[in-house]
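Can you read through this structure? Questions will come right after.
Just so it is clear, A, B, C, D and E label the chains in written order, and each chain counts residues from 1 on its own.
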């Protein structure tokens, strides 16, 4: 079943059209890549989907719901979660609290319950803690639970961001350059992780990445964006042979 | 109609005073993102230095203003070094508190040394002339502050936009570590910023002295607050914004007093200010650059 | 120059009488408190030099109430612990109110130099006089009424605008009573405008007032604001007479507003600092010598507060707060420099009021009105 | 040209660099590779004077620069492309480039250099008047490199210049690095993309938790089993 | 079973501690062991604690720079005083009324202005605080600038103690819950929080309303102790005073706010005997403390968080 359908999406900044006539479709449990040269408009597409920017035109239908005009937090409530190109963790908070915040969405007690410390509060807190730890374990961060997020090395920060996004229990996970700043080995294990969480949590994943080993390694389908326009879409092996893509993006054929 | 024009004249000259104070405020504010609550008090010190250089040294107004500017520039540099620099890598709100501390210190040190009573600016310093133009009363001092405000705004804008020092200031304000990597000395740049900002405050102080005839140790509090409001209203750190913000507040207050109810002057002008901000959350001239995500 | 350092308080000697000075030395009205303190300290010095009271020296204990009623209360409580015989201050009615319950509870007289609100000495609700609260200044109704009478009867004006300090209860009270009397006398109030403390620019409202064209403007407020206000009024071509209360009394009026602008302005006062009464002249001289500045109304009232307390102590023949309060309530014809006063049953001084007119920069007595 | 001897750098109580040594010869490209958090950025920041070593010395062209103020170090010809781009976000692209040449006085030469940057990165020319903060990640990276070039450095420290760049641009960047090196600029390059870095470098150092664990010519390291396993794409 | 038992004994111990603390002070007041002067300062201290803790919820935990706290205090003070002196309500009703009136004011003000960021918000809140003051100054029903005096002294140690405990209980319990984490996430990174499903506006308003409400409570307690309330008392400088306590204590630390409130109250009282230089010394101390502890006395740490969590949050 189609999970995400985007029709005729437009977004301009001042005179600059960052995204033009963007049409896109994605099935449940698909893993799709969005690639393209720097400044092509990929992050902008993500920002439009998640409500950070309001599109000038177009529709974003997620599981039958039009997301256009919704506040970011309600889009998250619909089941879309993301990471950021420039990592945005809650730096001064512990690793565990970072994830717990993402669990807040499903909190099971009221403000009054919190103030009165009702049994529901203790039960709810225990559940949040349990959930948060579960997501940390997936990314092998459980023994860093009490570290401040800002003190983690870069690679772990990226992993924490993904686990935080997962904690909102999305059905669509959007990753903006998850492997940036990782070395090939780390990228490799990230690749495995992405595949694993997709299976475990039954999600669809949409990702932007410039590291071709990752994109070609995990993505089932790829869209290529250039100057705000889709210039190609298809299976990885098709994409890498499109001359237009090679010219605009890959440079030469990958070995 | 005539009355309206007279009110506009009133508003512009009141606004010019606010603008003058707001210029230095917004500059420091723009560069180091410090809400310098002591700015109004530096203005007060400037007014007193001007006062003493006229009464004790017998200088004329121009020299007095230069001396005041020089003294306050130095004062500003010292304040920065002692009270703000150690906090440069801490939260902004921490330096806000030291700014409150510095403000109290300047006020009460002055009271301690000179007493809380007002001092009368000698009227030999500036001969006030009134011009009657088509039934409007316009004073030479109105023209003087208005021209100074606009002139200083232009000079400041030029410095910041086009000179090397100005660009260094902006760079430091955006990312001081990256600025260092360009070869910019952050300490020097910030010192310069404070020197200029404080000198402007001093100039404003002397003008306030000339304009209203009396100065006192607590004279900086309210104008300091209004200048802060003007700076924010115009858009934080934007030089022309501060000037326009000053004029807007001056005009607002004047119009409320003149045509509304003077008893509600501050309430109404603050209310309008909030409305403006609600429509334009980054101030009149602030660009909503919106953080790129 | 530097004002006399008053923070060095003589150590309480064995037989000294402690006097509390609870005044505003910081905060919004720091200058009122400081001037009153200077006046009071001068009086204490003179009294001590003349051998003290009841054979004992007066020992002033100065405290700052930060221009806040809660701090005034705290200071009073601290002063009570110092066994003071009386407290001078605070200056504003609000701060006196903060201090009042402590003084009442501990039965120690409070002498307010300048708190003018009616309810300072009288409880609003019960109408009862507060046993331990006294003052040496006029009350709002007296001055407001006086100026209204003067405007209507002597200046013969029919219309007036009130332009007062709205941030001070003093000015607000005066405005109310002026309005009441002036209307009773058939005059018309064309408008009521306001400024707030520390305002320096009044042109917008003045332009508006000019448009209203009143024959008289009543400006209840203090000289810091009134002086530039009058200057600006004249600059705007407003030539009608302007009147005000004792808050105008300061040499700064002339230096700021200039002699010419002050012509045709009048204010109510208890005395004139340019009075030729030798008592007043001596006070002004002594004050100038000690502090190298001219005394204003607060200084004079601070001085009189101490002097009336001394009178009370002498009458009571004991350095005892309760007895002092009894004596103060009975004071008759006390010769203060702000006038001859008799304390009435409401603990307000009954003293002659004067209307002072500025003539070419000189304060001149226009008329004296005995209540 | 650059000699680092036994420096120790701390962040509070964290010992980030331990007796680290490093040498860069004039005219060469030297690369420093290592895992996340190994201390690469710390090393570069210490050279530029932003961080101060507790012990040890840093010699540059025969003079000790260990205690020289960071802004002075730039004046000596060392320029850094900082990690995370660090462009001046509310300045335009042009103004950013001008900031790169802050210490220079030769207006004409600055202009030619700016043209040179534009010819290398045509995208920047297109976006001349745009505020740097609104550029895409890759565009900002180009700007950061361009800005560092504007200082006409003799030694250029580059912290992960290829991060976030499209493959085509990554190649482009590496060829630019090679090119500026051939024109006489010495380069100390920090890279995650070890394959690429080693392919253009003359010499390489491997850093692990603040210590140099391996050094050699680029060819040697390319062949090393340890390096292959840890850092290279097989 | 075992842990539950321990928990209960702890709660009992803590409750006992509170009872003992309360009774000791109450005893020394009743027997006049504590002089009037100390009682007044104890009152100021408690009111300052409520003010600082309530503002710390807004400034410290939510990260919204609010400079209008004195305005809410004024709303509470006037509401309560009108209720007791003019409408003859009992004190408890007046306190509750003050809490709700100020909370409502917080809501009305917060909803539109909390869209503003950083200093723009600071200015808007400052302006609103001043508007409240100016409006009060012009209402004859409350005597304009003269204010209302002759207020009965209804604030006793018991009310103060209750007020402080309630404030701490609410703020600490809120902060240490999922809602509290949501509030804190707004401070850390509003955009990221929003994208993690946090309705940031809602939580900003929630914190603002609760903070404002307790400022109102503090105002009510103030009014019924210090005999007079007038608009001037609640001007922007009062807001700054409260802000100083919050920052001095450490942003995001409730215990910090409490400690700083105590510290400032004691400092103010201790400087009373030096009338000429008290403000100079006060200013110097502010500067020096901030220079040496820029993160505030407590940083964002709590004084033994678990202990406190148990003490204040241990009611089950």
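The rule is short, and it goes like this: a contact is a pair of C-beta atoms (placed from the backbone, for glycine too) under 8 Å apart; a residue touches a chain by one contact, two chains touch by 3 or more.
Just so it is clear, the model here is predicted, and its values are computed rather than measured.
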_Give me the set of chains touching chain C intersected with the set touching chain D._
B
*Spell out the chains that contact chain B while also contacting chain C.*
E
*So how far apart, in whole Å, are chain C and chain E when each is placed at the average of its C-alpha atoms?*
36
*Euclidean distance of C-alpha centroids - chain A vs chain C, Å*: 72
*Inter-chain centre distance, chain A versus chain B - centres from mean C-alpha coordinates, in Å*: 47
*Return the distance between the CA-based centres of chain B and chain D, expressed in whole Å.*
42
_At least two partner chains per residue is the criterion; list those residues in chain E._
137-138, 191, 276-277, 279
*Which residues of chain C are in contact with two or more other chains?*
25-26, 28, 166
_Where in chain A do residues touch at least two different other chains?_
43, 52, 84-85, 88
_Output every touching chain pair, sorted by label._
A-B, A-D, A-E, B-C, B-D, B-E, C-E
_Give the list of chain B residues in touch with chain A in this complex._
293
_Residues of chain A that touch chain E when the two form their complex_ = 50-52, 71-74, 76-77, 81-82, 84, 88-93, 97, 100-105, 107, 109, 111, 114-117, 119, 121-122, 124-125, 128, 164-165, 167-168
_Residues on chain B engaged by chain D in the complex (per definition of touch)_ = 164, 167-168, 170-171, 174-175, 177-186, 287, 289, 292
*Name, in rising order, each residue of chain D that touches chain B in their complex.*
48-50, 69-72, 74-75, 79-80, 82, 86-91, 95, 98-100, 102-103, 131, 133-134, 147-148, 151
*Interface residues, chain C side, partner chain B - complex*: 2-3, 25-26, 28, 30-31, 34-35, 163, 166, 192-196, 198-201, 203-205, 207-208, 210-211, 224, 227-228, 231, 235-237, 252, 255-258, 293
